[in-house]
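Just so it is clear, A, B, C, D, E and F label the chains in written order, and each chain counts residues from 1 on its own.
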Amino acid sequence: MQISARNALKGTVKAVEPGAVNTEVILEIAPGVEVVAIITKESAEKLGVAVGKEVYAVVKSSDVMIAVE
Amino acid sequence: MQISARNALKGTVKAVEPGAVNTEVILEIAPGVEVVAIITKESAEKLGVAVGKEVYAVVKSSDVMIAVE
Amino acid sequence: MQISARNALKGTVKAVEPGAVNTEVILEIAPGVEVVAIITKESAEKLGVAVGKEVYAVVKSSDVMIAVE
Amino acid sequence: MQISARNALKGTVKAVEPGAVNTEVILEIAPGVEVVAIITKESAEKLGVAVGKEVYAVVKSSDVMIAVE
Amino acid sequence: MQISARNALKGTVKAVEPGAVNTEVILEIAPGVEVVAIITKESAEKLGVAVGKEVYAVVKSSDVMIAVE
Amino acid sequence: MQISARNALKGTVKAVEPGAVNTEVILEIAPGVEVVAIITKESAEKLGVAVGKEVYAVVKSSDVMIAVE
């Protein structure tokens, strides 16, 4: 399935922390570059998200802000 | 200023495409790893977003989805 | 590709209205039930979104609000 | 109250699952077509969300992505 | 209509700037406190958004970030 | 750090309610005008969010909807 979200960053799952409704997933998309995602607990289980698995971090371009120092 | 958004990915601006209300910004956050952001035209101008500039792609963890093949 | 977004509503494209940076897509997901999506112009072209095509409206559960009369 | 969100899909609540801060609500918007919403626990209680109740799933068009097979 | 979004800030429209697909609306919610919204052009016209009109800025609590200096 | 989000509303924290993964923060941005934010528990702790602290409610203009009575 192809999706309109412009960002699909390939990475490896480093940590998974489930909560009551949501689960926090940390993945490495490049050496030393980590992305944190919060998805529903049900989705994390359905997709089999586990440490070491290759997944994509998918983000709509309108959800990406730009900051400058 | 520190912000609660969990993802602040440092990168270099590769392209800037202004529209009527929004502007599309493409930045490289690691060799060969690009992120696309759509921000308002006014913000792009106020922050001085231009090709070659170092910026951060800021994304809330709840805006990051996970996909698997 | 499977994605963590909990809502993937199958429908048929009824109308496509391109803008400078974004494109508006209207699809019918059940008789008389329409959904409006705004995606980037580039994504609309890349996915070949056109009237009559079968597509999915994908929405994160945290982006769905509930209203009552 | 009328709202700028372009999508207001009428449906019936099928399930309600409260968590610590958030509550998951599943509603049927057409025969066999379900939508999952995650709203705050406080909102779910304030709006009296319960199985069998008629509600609207409200989604901004910019939060709807398009996917194709 | 009552909605699950936890923030409904009452204000007066100060400026309206239409674009191809989206329209920018600036409203004052307290003396010297302004909020900027980007909604679809169609919604702005349907709701009759115009300078001087009393409206609400509606924001989901999960879309509000916190920053500290 | 300057960010592209167009809304940065200064306020004082009135209440903090932690959950398993997320934390609810209520702040006053003008006399009698409150904003509710849900951020990750980790961010709330990292930023030292506590009652009485001066913070900013940061919201992208595309996440602000407009409603009329």
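To be clear about the criterion, contacts are C-beta pairs under 8 Å (C-beta built on N, C-alpha and C of every residue); 3 or more make two chains touch, one makes a residue touch a chain.
For clarity, every value in this text was computed on a predicted model and none was experimentally measured.
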Contacts common to subunit A and subunit C (chain labels): B, D
Least step count from subunit C to subunit F, where 1 means the two chains touch: 2
Remotest chain, subunit E as reference, centres from CA atoms: A
Per Cα centroids, the chain farthest from subunit C: F
Centre distance in Å when subunit D and subunit F are each reduced to the mean of their C-alpha atoms: 23
For subunit E paired with subunit F, centre-to-centre distance based on mean C-alpha positions, whole Å: 16
Contacts with two or more other chains, residues of subunit B listed in rising order: 1-6, 19-22, 24, 36-40, 43-44, 47, 56, 58, 60-62, 65-69
Chain contact topology (line, ring, star, complete or other): other
Pairs of chains, among all present, that meet the touch criterion: A-B, A-C, A-D, A-F, B-C, B-E, B-F, C-D, C-E, D-E, D-F, E-F
Subunit F-touching residues of subunit B, taken from the complex the two chains share: 1-6, 37, 39-40, 42-44, 46-47, 56, 58, 61
Subunit E residues touching subunit F - in the complex, by the definition given at the top: 3, 5-9, 22, 24-25, 27, 29-31, 33, 35-39, 43-44, 47-49, 53-69
List of subunit A residues in touch with subunit F within their complex: 17, 19-24, 36, 38, 62, 65-69
Contact footprint of subunit A on subunit F as seen in their complex: 1-5, 19-22, 40, 60, 62
